[in-house]
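So, here come the structures, one by one.
Two complexes, one shared chain (subunit A), two partners (subunit B, subunit C).
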Partner chain A sequence: MRLLKVYGLITLIVVWYLSSFIIFLPAPHSVALKFALLLFNAEPVLGKSLLEHSISSIIRVLSGCLIAFLIAIPLGIISGWSEKLDDFFSAIIEVFRPVPPLAWIPLAYIIFAGFYSPVQIAQVFIVFIGAFFPCLLSVREFAKSVDRGLIEMAKAFGADDEDILEKVIVPSSLPGILSGVRIGLGVGWMTIVAAEMLASSGTGLGYFIMVMYEVGGRTEEIITGIIAIGIIGYLMNEIVLRVEKKLLRWR
Partner chain B sequence: MLKISVSKSFNGKKIIEKAEFRAEKGDFVCIVGESGSGKTTLLRMVAGLESYEGEITFRGEKIDRKSIGFVFQDDRLLPWRTALENVLFGLELRGEEESISKARKVLELVGLKGFEDHYPSQLSGGQRQRVGIARALAIDPEILLMDEPFASLDELTREKMQEELNQIWNREKKTVLFVTHSIDEAIFLGTKVVVLTGIPSKVRGVIDISLKKRIRTSDEFIEYKKRVFELLSPQSMF
Partner chain C sequence: MDTKYAIITIVLSIAVMGCTEGGDIYVVKLSPQDMIKQLELGQIDGFVAWEPFVSKGVSSGGKVLLHSEDIWQGHPCCVVAHVSDFNDKRALKAVIYAHIKATEFIKDPANREEVISYASEFTGLDKDIVTQAMERIEFITFPEENDFRKYFRFLKDSEILNKNLKEIGFEDEDDFFNSFLRKDIYEEVIKNMKEGKIPEYTGKVRIGYLTADLHQLALFVAVKEGYFNETGMNLELKQYRNGVAVMEAFRSGEIDVAYLGGAPATLKRINDDIKVEIIAGANNEGSAIVVQPEIKDVSDLKGKTIAIPGYGTVQDFLLRLVAEKNGLKVVTK
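After this line comes the complex of A and B, so read on.
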C-alpha cells in the first residue's frame, strides 16, 4: 500500500518532467527550489513569504468554519431529532444547498462593503457558506439515524429529554459531526482560495497566485502556491481523520 | 407486591384482554406465550414505555420508573461506551456518578471482571447480554424486567446464562418479570409461570413452580412442562 503511494507520486513527477519539455510548465526541480526559497523568504512583489500567505488563508478558513460549525452542529442535531423542526428548516436548506459558495462572492463583497476590513469579513462569510451546508447535512443524517432502541432504553432507565440528548443523541451523532467538520473544512479551504482571487486583501494563497499571474505569468510561483494549497488541505483532512480515529475507537 | 391488571387496544382492536396476575416480593415470574401474544407489550407497560387501560401497582402505588431495571432482548448497549461505562448509565441518571466501584462489583457479579474497558463491539453476544443485565442490576431495582434476554444466544450459552441468572437471583432476591417463549427456560428460572394465549390474549393460567432440584430431565420438571404445554395448546381452550 505505502509503496504504491510512493510509486504514484514518482509517476506524477515523471509525467510533470516530460510535460515541462512540451508545454509551458516549469520543471519540478525549479519549482521545488522556488518553494524552498519562498517558504520563509518574502516574495518581492507582495513582500510576504509563502508561510505568511498560508497563515492568513488558514486563519480566514478557521474563523469561517468555526462560526459555521457552531451553528450547523446544533442545528443538525435538532433537525435530526425533531421532524417538525426538520420540516421547517428543510425548505430553507434545500434552496441554498445547491448554490455553489462561489456564487455568493460578489454579493458578499457588496454587503460587507461598509464594514471595517470588508474584504476579510466577506471572505470569512463565504467560507462560512461553504462549510455550513456540508456540515449541517452530515450531522443531520447521523442525528436522524439514531437507534430508536437506545432512546427507548434510556427512557426505561428514567432518562428525560435532556439526558437523552446528552447521553444518546449527541454521542451517537459524533461520527456525523466529525465527518461534517472534515468535509466543511475541505470545502471552506477551496472557497477561500477562490474568494481571495476575486478581491485584493493583500495576503492569502489565492491572492498570491492571482497576483503572480497578473504580473506576468510567473508559473513557478503559481505552482508553488498550488502546492501549498494542496499540502495544507491534505494536512487539515489528515488531522481531523486522526481525531476521528481517536474519538471513535469504539467503532 | 406487584399487581397487574391491564387491557390494551391497538388501532381499535383489543390485543390484551384483562391480563391479571401478581408477583410477591422476590418472585421470579416468567411470562410465556406464543409470539404476538403481547408478552413484550406487557413488560413495556410495566416499564412505562407503553400506554394501557387498567392498573399496574407496586406496593399499592403507581410504579416509579426509577425503581425498574430493564433487560432487553437485543442488548441495547451504547456502542461508544465501555462495558463499565454502560453499567454506569443508569447510575448516572440517578446522580450516582461516583459509584464506579458499585458498577465494577456488578460487572464482577455477572462474570465480566477484566472486561470493564471493552467496547460492546469487542464482546460476544453472551457477554453483551451480561453487561445489559449488570446495567439493570447496578441501579438496584425493586423490579427487574427481562424481555427474552437469552433468545438470541446459542443453546450452550443460554443454559449457562440461565444458571448464572438463577444464582444471581438467589443472592439478590429481586422481583423479576421474565418474558420468554421457552417453556423450559420459564420452568427452570421461575417461581411462577404465567401463560398468555389467544386473541386478544388473556392469562390462561398461572402455575406455581417449586422444584426440589433444577434438573431439566427430572420427573417433576417434565410434569411442570406438561402442565404449561397443556395451557398453551389451543385444545385446552374448549
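After this line comes the complex of A and C, so read on.
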C-alpha cells in the first residue's frame, strides 16, 4: 500500500517533468527550491514568508469553522431529534444549501464594508457559510438515524429529554459530528483561498498567489502557493481522521 | 468550558488580524473603486490612485496630500502599445495619427466645454468632478525615455523584476529601451502630418483600453471626433479592468493595440516576456496621494494604512519615493 503511494508520487513528478518541456511550467526541482526558500524567508514583493501567509489563512478558516460548528452541531442534533423542528428548518436549509459559498463573496464584502476590518470579517463569514451546511447535514443525518428503540427503552427507564439527549442522541451523533467537522474544514479551506483572491487581505495564500500573478514572472511562486494549500488541506483532513479513529474506537 | 475557549479564540484571532503597530507606512492593495469606499468608511487612512479616482476621493471627503507632479515631475503614466506580432506599420501609423489628433483636440482651450462633456461621458462622472480631474492630467503624445528608465530602475532595485534583460534577449538597458520605446513610427506620423498627409489603413485593428480611465480620454475623443474614420480603419474596441488584464489580452492575442499604464506594460514585458512595444504616450502625472482630512503632512503617514492599486505600479513607486524622502519605510500590511 505504502509503496504504491510512493509510486504514485513518482509518477506525478515524472509527468510534471515531461510536461514542463512541452508547456510553460517550471520544473519540479526549481519549484521545490523556491518552496524551501520561501517557507521561512520573506518573499520580496509582499515581504512575508509562505509560513506567515499560511498561518493567516489557517486562522481565518479556523475562526469561520469554529463559529459554523458551534451553530451547526447543536442545530443538527436538534433537527435530527425533533421532526417538527426539522420541518421548520428544512425549507431554509434546502434553499441555501445548494448555493456555492463563493457566490456569497461579493455580498459579504458589501454587507461587512462598514465593520472594523471588513475584509477579514467578510472572509471569516464566507468560510462560515462554506463550513456550516456540510457540517449541519452530516450531524442531522446521524442524529436522525439514532435507534428509536434505544430512545423508547431509555424513556421506559424514566429518562427525561435531557438525559436522552445527553446519553443517547449526542453519543450516537458523534461520528456525524466528526465527519461534519472534517468536511466543513475541507470546504472552508477551499473557500478561503478563493475569498482571499478576490479582495485584498494583505496576507493569506490566496492573496499571495494572486499578487504573484499580477506582478508577473512568478510561476514558481504560484505553484509553491498551490502546494502549500494542498499540504495544509491534507494535514487538516488527516488530523480530524486520527481524532475520529481515536474517539470512535468503541464502535 | 469548551465553548468559552472557542469564543475567546475567535475574539483573539480577529483582534490579532486587525492589529497594527506604528512606525512605518502600511500598504494594502485595493482596486480604485474600493479605495474610495474604504476611505469614506475610515478603513484606510489614504490611497494613491489616478484620475478620476483622485477627484472622486476628494469629493467624498478625502483631501490631496501630494499631487504626483510634486513627487516626481513629469512621471510617465499611460501609453499606447502594440503587441509585437501585430506589426503592420500602416495600421500603427493610423492609430498614432488618431491619437495625436485627439490629444491636440483635448489640449486646445477652444474645445474645453466639449472635452469636459466627453470626459464626463467616458467616465460616467459628474462634470464638476471631471473638470477638477482634467486640470491634473498632462496629456502627451510621447513619453520621456529618461523617466521610463527611472521607473525601470525602481522595479529592478525593489526586486519586483525577477528576470534580467539578457534572459529575454536584450544586451543591456539601452538595447531594451530602443526596442520597447519605439519612436520611429511616431516620428514618421508627425512628419506626414506636417505635410498634410493622413495615414490610411482599411484593415481591422482591435484596441484595448481601461474602463473609465480618464488618462485614456484621447481614445474616446478620437472615436467620437471621427479621427479613426479618417484613416478608413475598421476599429474594434475592447474594455479591460486593469493593465494586467490588458497584458494578458496581448498574450492571448485578443487585441493588437492598447491604451494601458506604462507600469504594467514594463512589468509584464520583462517578467512574463509578453512582447509589446510602446508607440505613443497618453499622459504624464495625473495621480495623487489622497488622505483623511486629519493628516496634515507626510510625517503624519507614519503608522497609517495607505492603499495602492498594485505592487510595481507607478502609484506604488510614488508612495515609496515619498516615504524614502521622509525617512519612512513602506511595509505590507
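Quick note on the criterion: the second predicted complex is superposed on the first by the 250 of 251 C-alpha atoms of A that agree within 3 Å, B and C clash if a C-alpha of one lies under 4 Å from a C-alpha of the other, contacts with A are read in each partner's own complex, and residues count from 1 in each chain.
Criterion: a contact is a pair of C-beta atoms (placed from the backbone, for glycine too) under 8 Å apart; a residue touches a chain by one contact, two chains touch by 3 or more.
What you see is a predicted model; the values in this text were computed from it and never measured.
**Student:** What does the overlay on subunit A give for subunit B and subunit C, a clash or a fit?
**Tutor:** Fit: subunit B and subunit C sit side by side once superposed on subunit A.
**Student:** Answer with first, second, both or neither: which of subunit B and subunit C does A:I10 touch in the superposed model?
**Tutor:** A:I10 sits against neither subunit B nor subunit C.
**Student:** Where does A:A159 make contact in the superposed view: on subunit B (first), on subunit C (second), on both, or on neither?
**Tutor:** first
**Student:** Which one hits more subunit A residues, subunit B or subunit C?
**Tutor:** On the superposition, C touches more of the residues of subunit A.
**Student:** Tell me which partner A:L241 touches in the superposition: subunit B (first), subunit C (second), both or neither.
**Tutor:** In the superposed model, A:L241 contacts neither subunit B nor subunit C.
**Student:** Is A:V124 touching anything from subunit B or subunit C once the two structures are fitted on A? First, second, both or neither.
**Tutor:** A:V124 contacts subunit C only, not subunit B.
**Student:** Could you look at A:L174 and tell me whether it touches subunit B, subunit C, both or neither (first, second, both, neither)?
**Tutor:** The first partner, subunit B, only.
**Student:** Looking at A:L51 after the superposition, I want to know if it touches subunit B, subunit C, both of them or none. Which is it: first, second, both, neither?
**Tutor:** In the superposed model, A:L51 contacts neither subunit B nor subunit C.
**Student:** Quick check: superposed on A, how many Å separate the nearest Cα atoms of subunit B and subunit C?
**Tutor:** In this superposition, no C-alpha atom of subunit B lies closer than 22 Å to one of subunit C.
**Student:** Going by the contact rule set out above, which residues of subunit C touch subunit A in the complex?
**Tutor:** Subunit C reaches subunit A through residues 3, 6, 9-10, 13-14, 16-18, 28-30, 34, 37-38, 41, 43, 158-163, 244, 247, 267-268, 270-273, 307, 310-312, 331-333.
**Student:** Which of the residues in subunit A end up touching subunit C in this complex?
**Tutor:** Listed in rising order, the residues of subunit A that touch subunit C are 44-48, 56, 59-60, 62-63, 66-67, 70, 113-114, 116-118, 120-121, 124, 199-200, 202, 211, 213-218.
**Student:** Across the complex, what residues on subunit B touch subunit A?
**Tutor:** Spelled out, the residues of subunit B in touch with subunit A are 47-49, 65-66, 68-70, 72, 74, 76, 78-82, 89-90, 92-94, 119-121, 135, 139, 145.
**Student:** Could you please specify the touching residues of subunit A with respect to subunit B in the complex?
**Tutor:** Residue positions touching the partner: 147, 149-150, 152-159, 163, 167-168, 171-172, 174, 248-251.
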